[in-house]
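See the structures that follow.
Consider the two complexes below, in which chain A is the common component and chain B and chain C are the respective partners.
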Partner chain A sequence: MTRRRTKRRVTNAAVLAVGVAALWWVVQAMDARLVCAPYWTGYALLAVLVVLAVYNARKKFASLPLGSGAAWLQLHLYLGAGSAVLLLVHTGGRWPNGWLEGFLAAVYWLTFVSGVVGLYLTRAIPRQLARTSEEFVYERIPRLRREVLAKSRSVVLQAAGDAGATTLADFYTSRIDPYLAESRGGVYTMRPSSSMRRALMRELADLKRFLDQAELVASEKLFALVRKKDDLDFHESRQSLLKRWLFVHITLTCLVLVASVAHGLLALSMRGGPG
Partner chain B sequence: MRRLFRNENHDEVEYDRPSLPWVCGHAAEGCPCPLGPTRRGRCPEAPECVPARVGDAWQCTRPASRGGPCDQADEGFDDSLGGSGPTPDGQCCRVNRCRPTHSLRVRRGRIAAGAALFSLGLLLFLLGSPWRNDVLAPGGLTQAHARLLSPAKDPNRCAACHPGGVDAVLGVAPADKLHTTQSQLCVACHESLIDPQLALAAHGLPEAELRRRGDAALQQVAAIGLPDGVGNDQGVACAVCHQEHHGPGHSLTAITNQRCQACHAERYDSFAGDHPDFGNWPYQRRTRINFDHNTHASKHYAAAGEAFDCAGCHQDAPGRDTKLLVGYTQGCARCHDKGIQASRGEGLAVLALPTLDRAAITAAGEALGPWPQAATGDYDGELPAISKLLLAADPAARAALDRLGADFSFFDLDPDSTADGRDAATLAESLRNLLAEPPRGGHGALLKRAASLATIDAPGDLAGSLPIVMVQAARARWFGSAATASPAVSAFEKAERQPAGGWLIDDAGLALRYVPRGHGDPLLRAWIDLAASLDGDDADLGAAALAELAGPKSVGQCATCHSLESRGPSLARDFSGAPGGGAFVNWRAYDARDARRSFTRFSHRPHVTQPELADCSHCHSLDPSAGPQGGAYASLDPRDFVVQFRPLSKAACTGCHKPNAAGVGCAQCHHYHIQPPTHLGDDFALLPRPSRAESDSVSLPKRQPR
Partner chain C sequence: MTAITRPTRWSEPFGEGMAADVAARLLAVEPFRSMDPAAFPPKLPLRDLLAGDTRIVKYQPGDVILLEGDYGNSAFLLLHGTARAALERLEGVSESAKPSLVSKIVRSVAQSLAFHRVPEVRRPAQIHPGAGGPLAARGERDTTRLFLQDVPGVLDASQTAVLRAGEVFGEVAALSRTPGVATIFAETEVVALEIRWQGLRDLMRYAPAFSEHIHRLYRENSLAAHLRETPLLSGLSEQELTEVAAATRFQTHGNFDWHAELPGSSGDVADGDETLFERIAREPVVAEEGQPPPGLLLVRSGFARVSRRRGDGHQTTAYLGKGQAFGAAELAATLLEGQPAPLTHSLRAVGYVDLLRIPTEVALELILPKLGPESLLELASDTDAALPARTLDYLVDRRLNNGTQAMVIDLDRCTRCDDCVRACAQTHDGNPRFVRQGPTHDHLQFANACLQCVDPVCMIGCPTGAIHRDGETGVVRINEPTCVGCSTCANSCPYQNIRMVDVREPGGAIVVDESSGLPIIKATKCDLCADQLGGPACQRACPHDALVRIDVAEITPLAEWMETGPADAAVDDPATEPGAAHE
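After this line comes the complex of A and B, so read on.
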């Protein structure tokens, strides 16, 4: 698999390199013919941006035979990298100092950076999620969390009834139930940590010497439920990041498209006149 | 009716639909209803289950995810939703009610669309606001344009350069306003610097001229064809090279080498390796002042025991971009004043009466009329050049001059020739009239005659403040009753008594003479200019006049130093023996500040700051083996000369002119826009633009019909 992926990367990178070289040659040839290359690179850049944006729309037409999603992703990634080169050629490596052009360049590069960040997230997060006990579907996480809560309460109630003691129940009520019932904050979403789980489990382990047999059995179940809740939180935070990153990337893409079309119209309307 | 999308065995086949636009309001609580919202986002308010009939009873089928069958432990659900267990008629006792929310995908789409609409609206708002120009401009203007195109808030500011920049919200011009091009708008402002007719032509040259010029690169261009837009009707648009909107610090004239190589396809990878050597540049023509560097260095200065120092004559111009020659007084007078004074002799004969053979004229059937006795005898004497030019305004005299030849002498007339006798009588009559005119018409009468020959804009110079009373006196003495006694003082002595110049009557020679004031005498200069400018039918007259006025032994010896040049290729190259009209005199030395813009440029300023280059001879090294100029200046072609300097080697430049040092850009040493003159021929590149003074004195050609 790794070998195949490496081969694919080398092939795609080679195609990109050839494309960039061809672009450079064409622009030089245009320059040598006194053709105003920025107009043509502008057309090409707009076309590339549309193709890049269409990748998102393509997901909505999954049933149509438009090629596999993986192929589209590869096209999106390498075309995105190529668009950056095209933009540099288009602008001559200068940062535009016009209002609209400066805005366009800013949102383009923000989109590009968000794309790079997204690429990292889509590569790194699945590995992180695979290290947890199970895989969870993002939309089911609230329900699963609720099930964990219900199950933990049931376990604790039964243990209290069997043992006739409230040692575990008291600890559960004060420490574990809030943990299981509440969702984690924004800080956790950005930077997940297992410190709270470890603290709870340490406290629960310390409590074991005060528990009788029925409560000990229940505490073991609580250990598992706390771990599952932590896994659910971790999945939710990571998958949420993966989904919300697209908010930024797609929003910026829309801004790039609007600003690009406006820039193109203005450039064409202000060009030299007939001939 | 909507159906449940999952069966009773829900947990095993649970099916999520994240792509649907609406999500159950209970989803965030972990207990979404199995039906989910409608397409329009409404809660179906459906029962929580479809009870199943088991025997005679109905059994709740609520899935475990929602708490399991409601007739059992129903913890966590609000009892207000209903009771527990199916109703007796098999209906669910509970109804799900929620406020559906948008799915993540829809929210994402809405945010993206909202941002796009907001930015579009903001753009439209700004285009309709006072900041419109700031939004439209892709960058700041250069300082010069920014100053000219103020005020910045003018809604039509863009239209000054962009045909499409008229006052419209989007800056899009109506079709009827797009008949002009951006380049035409550029030229409309820059027409004082660039000829509008040729502004867009490559190098500002007509296409035929561009192809004709024999540069090797252009030969190649001619073979492969010019790039798009070059040499056709549209020409090369200004914006191809001059890129605006890069801020106030941007140089509009900074162009890349690739721009040059679009036509000059022979690639110059490096100045040192590929640029051709300089050939004879900058010694492509002789100096306008005939100054023999070798002779002066080896002979005259050596004889005087003085050092031949370049800076003695070549001094920095203001700005130090170029060197200027010092004037005559500072540079030449010390040695040359004596010669000029000596050349005055008895003065320049302006009007003179020749000796005529009355008998021969009578024999020819003509009457001589009144003529001084002292000027009667065998044919003899000369008509001064100025007299011939003035007589040429008289048709009869002109015919006689044409027959006798412009350089004729009365000595050569044949007493037995009837035609010569008739011509002599005609010229005598015309001379009498010429002498009679000034008292009646003043200087104007003389200038009118001169103007019939060529257009003179400064006629006062031709008259030289001739005292009219002197003409009257001469006429009275030569033709009147007053006896002309033998003069006590010769013309030579009279001339010596007039060191400041002026007019004198030479009674012995029956001539009216002019004694030049010295260097720069305006009368001599005016008549030499007139004679040099004569062309066509008058060329012979002009050549004869130049031989007398600008010859080696002429009064003032003007042409000894001030070279004459042909105005065009069709003219003779040698004025001494061939027709010499259509030329001009270089009264001034070369002044780079007045020079037409040519392909090559050079500024001394950044070079002479280098210690080793402060010595002029580092680059301009005299070549003693080249010899003297000799008679090269007799030619009217400025390219006929002896180069007295060693060729300027490219190696002298490559030491500094390399990448990351002094630079090797084409535009560092070459102009793209050259200044083709409109009134000169194809040798214009060698010729100077007439200085202001010159253009004032002689302007051409508005010849009056004779």
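After this line comes the complex of A and C, so read on.
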């Protein structure tokens, strides 16, 4: 598959390069014949944007044989890269001076950048998620977190009853329960860290020498539960980042499409010359 | 403390109304009359075996006794009346016709355009047995019985063979865990003795004449076909194949109830403190490393583990399934070197394994010389499987090697976007037929989707044969009109890959049984999108090449995918160090 993917990458890049070269040649030929190239590159750009947007719409027709999702993603990636070149040719490499055109260029480049960021995230995050102790389905994470909390409380209560001591329970109440009960903030979502888990585990390990046998058994269970909570948080933050990214990317795409159509209509209505 | 009597094999006899006097009367009927009761062990007397493992079943004219494609669980001895075996596929009875291109297009478009406000919507014709077909049903849930509505019409339109009192049928399907090849129905009122496979196996073990009779039937009906399909024997003429078939011996090792021993099932033996070495050592040895090969062993059904001694333990080097051979490498070496070559590996039954043993001299005289020098050298080179031993152990211990279409997800590439789940739901009445969860090994997840098993134990006990293996496509499917919602298949599936659902009418209300008022329940499972265009929607939907439907019963496809796919992800992807941010 390595060779297959490398071959696919080379082939797609070659096709893209040929397409860009052809585009340059066509624009040069148009200029030589005094044809107004920006209209034609505009049509082409709009068509490319529609095809790029159709990638998501294709998912709604999963039962139809419209090609594999992987093939569509490849098309989306390379056509997306090509669209940037097409836009540069269309604008002549200048930033537009009209407010609608400026807005359109801004949302286009934001969409493009979000696409590049998404490509990175979709390649980097899966491998991070795969290194956790378990796999978690995103929608089930809140319920699993509640289960971890309930189980930890029950373990500590049981240990307090069996040991007749509250050393572990006191530590649990002040340090572990808040950690298990609270969800992480926005900073954690953007850049998750296991420092909190490590600190708690270190403190719990330090506490061991003061614990009764029953509490020791319970503390081992707490280690596992703290670890699981951390993994749940990590999965939630990474998976939600991917979902949020997709939402942003699709929203920007819609804006680009709407602004492109408005720009096109405006350009055609202002078109001078014969006819 | 509550003390109870430990349940024994016949605490729950197969036939509830099987009185001792009926069992006694059966002893006067052939083939039991010819059996020697003294040959049966004291713990397993013939009379008790008949009382516990058989039952008398009465059929009305037209009742279906065995459905083509139905997974055999019992053999039948006809005691009274006449039955008919259809010699050709009965139109509309077995759902094994390959869906046409037009019907696939219609189905695909319909599913695409359907707006699933509620899942699992069915029209009455989709879930009602006998709606327009030749079959109808009577009875409820697991006592449901299918019958042909127009027996004379079927007899006129189809070629059938007559079965009379004293004849045994269904034995090959029951013993080899294969789908029945013909539909058998009662022509007159029929009284039959149904012998479940546990009893059938014991009868064969302790009554040599009966065993010989069953094996003769198998030899006459199925052995030649099995041998013909074996690649090693492909160069043999019909005459040579007949000679090989005549010399072939049958062997059975292990426990037929392997699914009760699967980790996570109620009869779990793999949990606890038992190590892998202990588990392997506990598996019945078929052939021992260092010993001369017992012949060429062909797996007829079940699974076997190939292992090699490593220190004090055994390392799994491969696993074998139906149609695969053991001992060929050593026999090839014997032929090439001119002196006996001992086995380089051991063979053990995993669960159970039925083997065909072709004696060494027959293999050396008839089979191996046909292969040619190059093939012989290749065979004798005896390379180990391309999968690491720990992966082989993982697959065998969880019986994932049962799967011919396992859903394997590379977690290093999967973005958890659930496009696969949505695609499945869109193609299956708004409800996905799998859960994106399941056992994980390294970065591979074996998702809870039907594996399309080599040995589909879910089909055991289905009272109507609704769950069947499609004769054309090989896909294990559920025929909704005849599914009575008894959950037998869902409870039997050792991988928990079958789910029971409430079906709804187009308005969204749950469809209920008109007599009891209880919801109509149907079994659902992955059907590999067999009646739609383009193959499994889950695999097609994955934008990252992370999900694959793959044959794990063979080692090579998974080895190739594992060797190339994950390595590619590691080399090509602009990923950070795994878990760097997390740790």
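Everything below uses one rule, namely that the second predicted complex is superposed on the first by the 272 of 275 C-alpha atoms of A that agree within 3 Å, B and C clash if a C-alpha of one lies under 4 Å from a C-alpha of the other, contacts with A are read in each partner's own complex, and residues count from 1 in each chain.
The criterion applied here is as follows: contacts are C-beta pairs under 8 Å (C-beta built on N, C-alpha and C of every residue); 3 or more make two chains touch, one makes a residue touch a chain.
All values derive from a computational prediction rather than experimental measurement.
Asks: For A:R209, using the defined touch cut-off, is the partner it touches chain B, chain C, both, or neither? Pick first, second, both or neither.
Replies: neither
Asks: Of the partners chain B and chain C, which touch A:T251 in the superposed model: first, second, both, neither?
Replies: The first partner, chain B, only.
Asks: Looking at A:A124, would you say it contacts chain B, chain C, both, or neither? Reply first, second, both or neither.
Replies: second
Asks: Between chain B (first) and chain C (second), which does A:S269 come into contact with in this model arrangement: first, second, both, or neither?
Replies: So A:S269 only meets chain B here.
Asks: Answer with first, second, both or neither: which of chain B and chain C does A:L100 touch in the superposed model?
Replies: A:L100: touches chain B, not chain C.
Asks: Is A:S193 in contact with chain B, with chain C, with both, or with neither (first, second, both, neither)?
Replies: second
Asks: Touching A:V137 in the superposition: chain B (first), chain C (second), both, neither?
Replies: It touches chain B and chain C both.
Asks: Just which bits of chain A does chain B share with chain C as contact spots?
Replies: The overlap between the chain B and chain C interfaces on chain A comprises residues 60, 137-138, 246.
Asks: Which chain B residues qualify as touching chain A in the complex?
Replies: 14, 16, 18-19, 27-32, 65, 75-76, 104, 107-109, 111-113, 115-116, 119-120, 123, 126, 131, 134-140, 158, 162-165, 170-173, 178-184, 227-230, 234, 236-237, 239-240, 245-247, 258-259, 261-262, 265
Asks: Which chain A residues qualify as touching chain B in the complex?
Replies: 28, 31-36, 60, 94, 96-101, 137-140, 142-147, 150, 243, 246-247, 250-251, 253-255, 257-259, 262, 265-267, 269-275
Asks: Can you list the residues on chain C that touch chain A in the complex?
Replies: Chain C residues touching chain A: 107-109, 111-112, 411-419, 422-424, 426-427, 436-437, 440, 443, 445, 529, 532-534, 537, 539-546, 561, 564-565, 567-569, 571-576, 578-583.
Asks: Spell out the part of chain A that touches chain C in their complex, as residue ranges.
Replies: On the chain A side, the touching residues are 1-6, 9, 59-65, 68-70, 72-73, 120, 122-132, 134-135, 137-138, 191-194, 234, 239, 242, 246.
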